[in-house]
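Think of it as A, B, C and D in the order they're written, each chain with its own count starting at 1.
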Amino acid sequence: MSPGIDRRTLAARIARDIPEGSVVNLGIGAPTLIADYLPEGLEIILHTENGMLGMGPAPQAGRVDPDLLNAGKQPVTELPGAAYFHHADSFAMMRGGHLDICVLGAFQVSETGDLANWHTGGPGAIPAVGGAMDLAIGAKNVYVMTDLLTRDGVSKLVAECTYPLTGVRCVSRIYTDRAVFDVVDGGLEVSEVFAGSSLEELRDLTGLALRDATGTPSVTSGRTS
Amino acid sequence: MIDRVRADTAEAVAGIEDGSTVMIGGFGRAGQPVELIDALLEQGATDLTVVSNNAGNGDVGLAALIGSGRVQRIVCSFPRQSDSYVFDARYRAGGIELELVPQGNLAERIRAAGAGIGGFYTPTGVGTLVAEGKEVRTIDGRDHLLELPLRADYALISAFKADRWGNLVYRKTARNFGPIMAAAARTTIVQVDEVVELGALDPETVVTPGIFVDRVVAVGERAWLEAGEFVGAESAL
Amino acid sequence: MIDRVRADTAEAVAGIEDGSTVMIGGFGRAGQPVELIDALLEQGATDLTVVSNNAGNGDVGLAALIGSGRVQRIVCSFPRQSDSYVFDARYRAGGIELELVPQGNLAERIRAAGAGIGGFYTPTGVGTLVAEGKEVRTIDGRDHLLELPLRADYALISAFKADRWGNLVYRKTARNFGPIMAAAARTTIVQVDEVVELGALDPETVVTPGIFVDRVVAVGERAWLEAGEFVGAESAL
Amino acid sequence: MSPGIDRRTLAARIARDIPEGSVVNLGIGAPTLIADYLPEGLEIILHTENGMLGMGPAPQAGRVDPDLLNAGKQPVTELPGAAYFHHADSFAMMRGGHLDICVLGAFQVSETGDLANWHTGGPGAIPAVGGAMDLAIGAKNVYVMTDLLTRDGVSKLVAECTYPLTGVRCVSRIYTDRAVFDVVDGGLEVSEVFAGSSLEELRDLTGLALRDATGTPSVTSGRTS
């Protein structure tokens, strides 16, 4: 049995850290689950890089609109207050620093916040980067959602990434199934440990000198004015 | 009278030369000009360079064009998908060259071509494999890569409605690469659901002005739009 | 609930600091945020740098702000007009610094700031006085100048309608610099004729999404729009 | 008395050279007159750099819309097929080479097509460039409309401009009150001489070695596909 929390529980945990009014891009895969846990009644605006703000949940069966997809090419819906725009404008939003938060998956994150999530670099692997590099350098807060360990039990948090990078010093926080880590000057801080793990065990698993910040409340910066 | 409307898709894609660079709009199925791609398949131009976000899905559209062996090179951000097996096989066999570009740099390079920008500095990709061989410049304390415009001989795009001047409106996320590709190509070819009378499109809401459009062809309204019911449309994604 | 609507123009311009860079939209009278400029006059911030296409007309709006001596520096493309006497006098007296930028470079530099572009190469201005001190680079056989982004602390713009998220639609040529200034400023303040319910603006036709907007204030509908008759409106140009 | 044709006649002459389907920007001042002479029934699309294609003539008295101005800040109207866009998109159209023709005024044009039309360079002069530099380098065909001579009788066509430049080697044709000149490799060609002038007189007035091309039909390139 895994001592970590499951994906949906982690998605719900991340959702709690997203303040009302934030503009958020949820990456393809697991981060997409976060949308299901955003608190009812709070206005959080979802951005999808294929040209939309104000994205809503999946449509009801039989109500799929083939012109209305998210970045994972899944059918979605439109909320009141939505807006459409073309691809250059959509990535201008990211690159220009207008998104408050993006949540991405990861192969590896280094203790200085380097991210690797697009390419194993293996022979025969077909690379596909999509919008990951733009999100990684563009959003005000780049969060990672991932299991702490690979299927083979190797830590995804590393001193230095060995996979090809997506972005350099771009990640600010890492949500894993065992703990939440913040990237600060000089390394990683553990702000929260989930039931079944301990700081000692995390240090063992990652081989990193993790600072204990479990007593400090975490802060998310959003557009405030 | 300015009339950019063509009778059918064959007429719309006529004259595309071997060796052309062709931009193809769409993000997944949304905005993909399927009927124009079919016409290009029929038309026969080969040794093509294709600029498109993806490298085709399933066996139709762009995947079929790649499968036909007529695409020598593709410039895209996300070739590998769950159903990109046609591209995957060809790429592994060394039958197609790939230039991988981060999606935002792809969009901005296309935009730069249409906007007459000679090049631009972007923070995207700094310190990664896509930076190889590129000029790095520190501006305001941050490293940037120099990226150059991406032009095309032809753009094939899909919009919702057009008038005979080529003014276009799009529908939802099917807009995606259409407006910037229209401006970046020497000859822009557009398939639409419907051609409406000049003056029927509200000038405030025209997304692509006709100045960027050369040929328009109506491919018929999609039944699911008419009905407002999308039963079974999942299979079209 | 996201609510960017402010009660009045004084509240909308509150907090603008001395020494701020302020973008002011409009091309001539169209799109000029007259009520917001009046509020800024009242608010009192000084030592301002203003980015605007023109340097004011007559005695009102931007001209009044310049006349008040609170604008230290202006970045614009076309300061001198038939009725720019307030700016003219101040400039000749050495009371205001001018950075003259060709209009397309002005627009593109503002766009670059909002789009996170570190700089771009443009053919506009090569071989002219505005090229002085700028890097020249030959790309594809053509000379280009390197131009850098133009950012602001505040943008004051005028739109037609907004919702409480700050989504904006404009009207005719009053759109001009509004969308790009909204994206280029740290804090964007918008005056509109009318604030409508969330959901009342068609998402296909929103020109500036609320992500670029911080404060919205309704300044009342203009009588000439209501009536559809513009008798006497010439005096407002 | 002036031997040249008057401004309105010249505007009408230029209008005849604008093919149907062209997208045209008419500069502030005299070039604006050309709009009055575009042939009825031919579709020619006027661009104004403040964000519009499909600009129509001045409104009737009492029908001025303060939100609908041309680049000279004069009230105009909207034709069926019009479109509005923001300033960056408008200048992208110019810079990107999408306009077929622009017609500009001039202080001086050199025999290699350099244009000076924005600044006398005099002490105390307040410079104002507007969109002239963008138009000069952006349109596929840059035409100049001007009197051949200044009020003081000095030629505006010169070997080299002495006023500050608007653009280098950008002008393709010059329409003056005395003749029409084309900028070709190696100098200026006279394609048409208006009544009352002669090639010899033009050479005298300008001091330039003007080639005689009055026998050759002139060609305007437009978007053809």
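Keep in mind that, in the parts below, a contact is a pair of C-beta atoms (placed from the backbone, for glycine too) under 8 Å apart; a residue touches a chain by one contact, two chains touch by 3 or more.
In this text the structure is predicted, and so the values were computed from the model without any measurement.
The interface with the greater count of contacting C-beta pairs, when A-B is set against B-D, is A-B.
One simple way to say how far apart two chains are is to compare their mean CA positions; for chain C and chain D this gives 29 Å. Inter-chain centre distance (chain B to chain D, centres taken as mean C-alpha positions): 35 Å. Rounded to whole angstrom units, the spacing between the C-alpha centres of chain B and chain C is 33.
Contact of a single residue of chain C with at least two other chains is seen at positions 108, 111, 115-117, 122-123, 170-172, 204. For chain D, the set of residues that touch two or more other chains comprises 52, 78, 84-85, 88, 91-92, 94-95, 138. If touching chains are joined by edges, the resulting network of the protein chains shown has some other shape, matching none of path, cycle, star or complete graph. Every pair of chains in contact is given here: A-B, A-C, B-C, B-D, C-D.
Taken in their complex, chain B has these residues touching chain C: 108, 112, 115-123, 137, 139-140, 142, 144, 148, 169-172, 202, 204-205. For chain B in complex with chain A, the residues that touch the partner chain are 27-31, 53, 77-81, 88, 91-92, 98, 100-105, 107-108, 110-111, 122-130, 170-180, 207, 222, 224, 229-234, 236-237. Taken together, the chain A residues at the contact with chain C in this complex read 20-21, 23, 43, 45, 47, 52-54, 78, 80-85, 88, 91-99, 138, 223, 225.
Of all residues in chain B, only 1-2, 111, 113-117, 163, 165, 167, 183, 187, 198-199, 203-204, 206, 209-212, 214-215 touch chain D in the complex they form. Residues 48-52, 59, 62-69, 73, 75, 78, 84-88, 90-92, 94-95, 114, 119, 124, 126-134, 137-138, 164-168 of chain A are the ones that touch chain B when the two sit in their complex.
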